[in-house]
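Chain nomenclature is as follows: A, B and C, assigned in order of appearance, with residue numbering initiated at 1 for each chain independently.
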Amino acid sequence: MKRYAYYLSCINESMTKEVDRSIDLWQKDLDIEMVKLHESTCCGGSNLDYVSPKHFALVNARNIALAEKLGLDLIVSCNTCLMTIRTAKKKLDESPELRREVNDILKKDGLVYKGTSNVRHLLWVLADDVGFEAIREKVRVPLKNYRIAPFYGCHILRPSAVLGKDDPLEPSSLDMLIEALGGTALPYEHKNRCCGFHTLLVAEEESLNVAAEALKEAIDIKADFIVTPCPLCHTVLDGYQAKALRQAGIHTSIPVFHLSEMVGLALGYSEKQLGIKRHIVS
Amino acid sequence: MKPFDIVIVGGGGAGLYAAMEAMKTNPALNIAVLSKVYPNRSHTSAAQGGANAALANKAKDDTVELHIFDTIKGSDYLADQDAVDILCSEAPKIIRELDNIGTPWSRLEDNTIAQRPFGGAGRPRCCYCADKTGHTILQTLYEQCLKKGVFFFNEYFALQLSLHDSRMKGLIAMNMKTGKIEAFPARTVLFATGGYAKMYWNRSSNAAGNTGDGQAIAYRAGIPLKDMEFVQFHPTGLRKSGLLVTEGARGEGGYLINALGERFMSRYAPEKMELGPRDLVSRSIETEILQGRGFDSPAGKYVHLDLTHLGADLIKSRLPQIREMSMYFEGVDPIDEPIPVRPTAHYSMGGIDTDNYGRTVMDGVYAAGECACVSVHGANRLGGNSLLDILVFGRIAGHTAAEEAGKFEPSPITADEIAATEARLRSYMQPSGHFERYGILREELGQTLGQNVGIYREASKIRKGVADLRELQERFTHVRVNDTSDVFNTNLMQVLELKNMLDLAETVAAGALAREESRGSHTRTDFPQRDDEKWHKHTIATIEGDRVKLGEKPVTMGRYELQERTY
Amino acid sequence: MTGAKEAHTEPKRDITLRVHRFNPQVDGKPYFDDYTIQVEKGITVLRALNYIKEHVDASVSFRAFCQAGICGSCGMRINGISKLACTTQVWDELDRCKEPGVIRIEPLRNMPLIKDLIVDMDPLVDKMKHYSNWVVSSMPESRMGKKEFLVSEEEFQKYDKATDCILCASCVSECTILRAHKEYVSPAILLKSYRMNVDSRDSIHDARLGELVKDHGVWDCTHCYRCQETCVKHIPIMDAIHGIREDALEVRGVKDSSGAKHAEAFMSDIEKKGKLVEATLPIRTNGMAWTLQNLLPMAMKMIMKRRTPPPPPLVKPAKGIKKFREMFREMTEHVRAEKKSHKK
């Protein structure tokens, strides 16, 4: 049983609770254990970095330090949290002065940022630690009848200088996971594109155009569903789907699954158990 | 169309500085800049090194006078000394002005503009912005012209001057986006179209469009060209593209190797080896190739620039640009394999004959930059003086045109004239029995120039070149434009560019044949010495019928007497 | 030492360029032409295109000028990604083909198509003008040329990379938001604007910034990082965009625009709860009226699915929030002290 520190993303705590719920269900099946960090706080996105780079460094140094205290890697299942925390880690690792200033404060809570824990996405754990071979052996209900459009989202890929696992424009790990689970990963042009989430509240029309394009292609290539490793992408592609497609004049719909739900389905859990019923598009 | 006060042809450093200065001189003027590319694409952007100016930021004892002497000596005493005075005296002002309007110069520790040493200069006076000096100057000038509201006609291809009894009435050009032939009636026209070294085609480091359009238009309108035979070669151009591998590669310890595996520079410069002066290294490589010790390939003969012994670490840290270029343009990683190189035509010293204020012999027609020959470079240009030339004389020519525009009365360009031009261009598209491919002619042009009017010249070879050029001119009359569309017809544009290169190539060959001496970049194996008695003068090429007529002009001397040029 | 023999022969193979064609005078819509030619290793895509133009079909139209990666003319999409044809090796692209041996060549996106591979660059130039992408010198024209500004190496470093931009428009072509709205400022223009705004010689920083925070400006960037990832000059474009946003918050305050308010909401939520209070984020970003009009219909659906984020009182603070707040405030003190000493 390999253990990991698990970061609680705000969105998975509030709107997309099904993500953590499904991981809870199947983690033991894959011989991994996610130790939830209840002390972890919001990563702040890039927004906190604009307002105050120093607080940004402090908050995320603390998030990582919590994992370091347990001697575990920090696992994240939201793309933007991943990119954000890794960005902070890069800044901390590159600047001894910043590290010193932050650690001066952290030590008051018995914490220290050392830079020893890696920060990784759940998808990377499945791909690199568990391995596709092992996953293939554990599959109970192969997704063999499913044509699946893999939507990676941006912040698991780019900036590649911060992420660096997949090719930033031609990623493959999610495709390989789909194949390991017995499904068919469709060639999907929008797989490396943006969902529009981060401008939803400031430029809604533009954001929905962006989402509509990705949805439209998935519909056009006759995908049974879209799968995404990011709850923010899911929120747009599922939650805002009706509005986006209406704006684009398209009168059909397509289900969108979380990565964790897709794994759960193949491991034999029901839609109800996994929380798939909570989606807006059924 | 309302006549323009000034039509500037070319949007590189010279054209943009001219536009900026003209607007400054008289904001009420109606000024147009025509460019066959968006101005920020111009070849000024390719100049990496920098621009010389005796700011004395780096070497406190540097003076304008030292800069003047270096330039005159470098020119092999063919530069006009009053013009060099202007070039070097104006230099500090120009560099500061560029700083004042936002050019991102690199900086010294005291926050002043950075300067570094450059070939042929006695002091470190080359002002630079990393390795992108020309690029950043061009961007700055373009930005400032946009700010000032200069009227840009982008992607317009200049065709000809409109003349009435040899009085200039304006310019005729093709709008690439529509294919329409448009008239630009103008009081003054200023050519700033860059150099003509691309006539050596893939034996040239120049942009594809450095085809001497302005010089060819002026030449065909009867305006004299000066010192056309002087073309500077850089020793290490990439085999396939002619693009430059900068001297840094040899500076860091790269070897030049022939097909026998010899470090052949030991024959020519046993002490300095690969670090000998540019012209010597160029001639040495050329000799190896001519004597059959080069490598052979479909893209031509070449030698190796070998860096493999320097190791991956050094190449990655000190020569990243060179590595990138080799990989991009030759598909060769210098860490593993030697780079195929050969000398490449790099800069044209000759151009439209102007006075020190940018005026040509024709009223209302001006020229500046590499397109013009003032002359400040004489027989050989110093590194760091080309950017300076386009800036200083672009500015001066812009100022002159602005001051003098009022002197010339505009007259209309007739519809008949436009129709005749249209018909001429259309005729390229008419099917005829036998036709020639422009691409093949262009390659042959580069080949014959490289072989016969290249680094080593001698009477019999140049005569062969002259005959080849005549034949190419004849074959050109059979060239057909296969793309018959109006919109963005690059096929037609390239054919017209070829014609410009052919006409100018004849002036280069004629000058090379006449000049029976070796001076600067012009090396005659049959006349290996400089001959001041007979040839301390400029050659002047004018058109007569469809032939080159050569004349001459004295060199303006000043404080510096003729001396042997040794380093 | 490579022997003379090996250098003579370079591998050759047949490849196909599938080229986007469109002549507005005759074609109702674009189509593709396949050109199969033999190329040797080491040939760039641009040289292959030149070969086709010279020897196969002279009507294939594209821009190219310096052919050395500095002028930015030959931006096009090669196998789906925007890049320069002159710096792209055919042999590298062969590994990226969807159909073996077939390289797709298409025009840049997000700009009006003129012909074949040529797009209209004028909209970009218009935006350069709109956002004053030039230095307005703090020195009067009459005094220019006499004295140089003193500029620190530190300042030069701020705009060094940004001035590498050759306006090839690859980033423009790849931009997510520009694709969704043509009015969007676009990455290259943001980069240039940033470069001008960090230049101490410039005098219109505030006016330029004022334009950048308006609609279709800097806050519309969706952070997809495609511009940066495809930049042919490897410029960290997003750093410039972040730089403008930081500057906007600093200079114009946190109540200035919806983007600024959105950013500020993160700061205050984290300080209070260590968690984001998503339920009220729309209201704090765009106000109550906007939220009711835009989000109410969706909220109903979400309530039915129990997907609504909890209201502020029910957002559970992170464990150990007390200590966290103390640390957060301590950092606030640091920042305040630093600013003070900076001002001195």
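The rule is simple: a residue touches a chain if its C-beta (ideal position, glycine included) is under 8 Å from a C-beta of that chain, and two chains touch if they have at least 3 such contacts.
Note that the structure is predicted; figures quoted are calculated from it, not measured.
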{"item": "Per-chain Cα centre nearest the global Cα centre, belonging to chain", "value": "C"}
{"item": "Remotest chain, chain A as reference, centres from CA atoms", "value": "B"}
{"item": "Inter-centroid spacing, chain C versus chain B (mean Cα positions, whole Å)", "value": "34"}
{"item": "Chain A-chain C separation of Cα centroids, rounded to whole Å", "value": "23"}
{"item": "Rounded Å distance between chain A and chain B, as computed from the means of their C-alpha atoms", "value": "55"}
{"item": "Residues within chain C bordering two or more other chains", "value": "none"}
{"item": "Residues of chain A touching at least two other chains", "value": "none"}
{"item": "Residues of chain B engaged with two or more neighbouring chains", "value": "none"}
{"item": "Complex interface listing, chain B residues touching chain C", "value": "24, 37-38, 40-43, 45-46, 55, 93-97, 99-102, 104-107, 109-113, 129-130, 132, 135-136, 139-140, 143-144, 146-147, 152, 154, 177, 205, 207-209, 240-241, 243, 257, 259-261, 295-298, 304, 306, 308, 325, 327-332, 337-338, 340, 437-440, 442, 481-491"}
{"item": "Residues of chain C touching chain B in the complex", "value": "1-4, 7-8, 10, 23-26, 40-44, 47, 53-55, 57-59, 61-73, 86-89, 91, 114-116, 118, 120-122, 125, 128-129, 132-137, 139, 141, 143-153, 156, 159-160, 163-167, 196, 199, 201-202"}
{"item": "Residues of chain C that touch chain A when the two form their complex", "value": "80-81, 96, 98, 176-177, 179-181, 184, 216, 219-226, 228-230, 236, 238, 242, 245-246, 249, 254, 257-259, 262-267, 269-270, 274-276, 278-279, 281-282, 285-286, 294, 298, 301-302, 305-310, 315-316, 318-320, 323-324, 326-328, 330-332, 334-335"}
{"item": "Partner chain C, residues of chain A touching it in the complex", "value": "10-11, 13-16, 38-42, 44-55, 58-59, 62, 101, 105-106, 108-109, 154-155, 157-160, 168-170, 187, 189, 193-194, 196-199, 201-207, 209-210, 213, 239-240, 242-243, 277-280"}
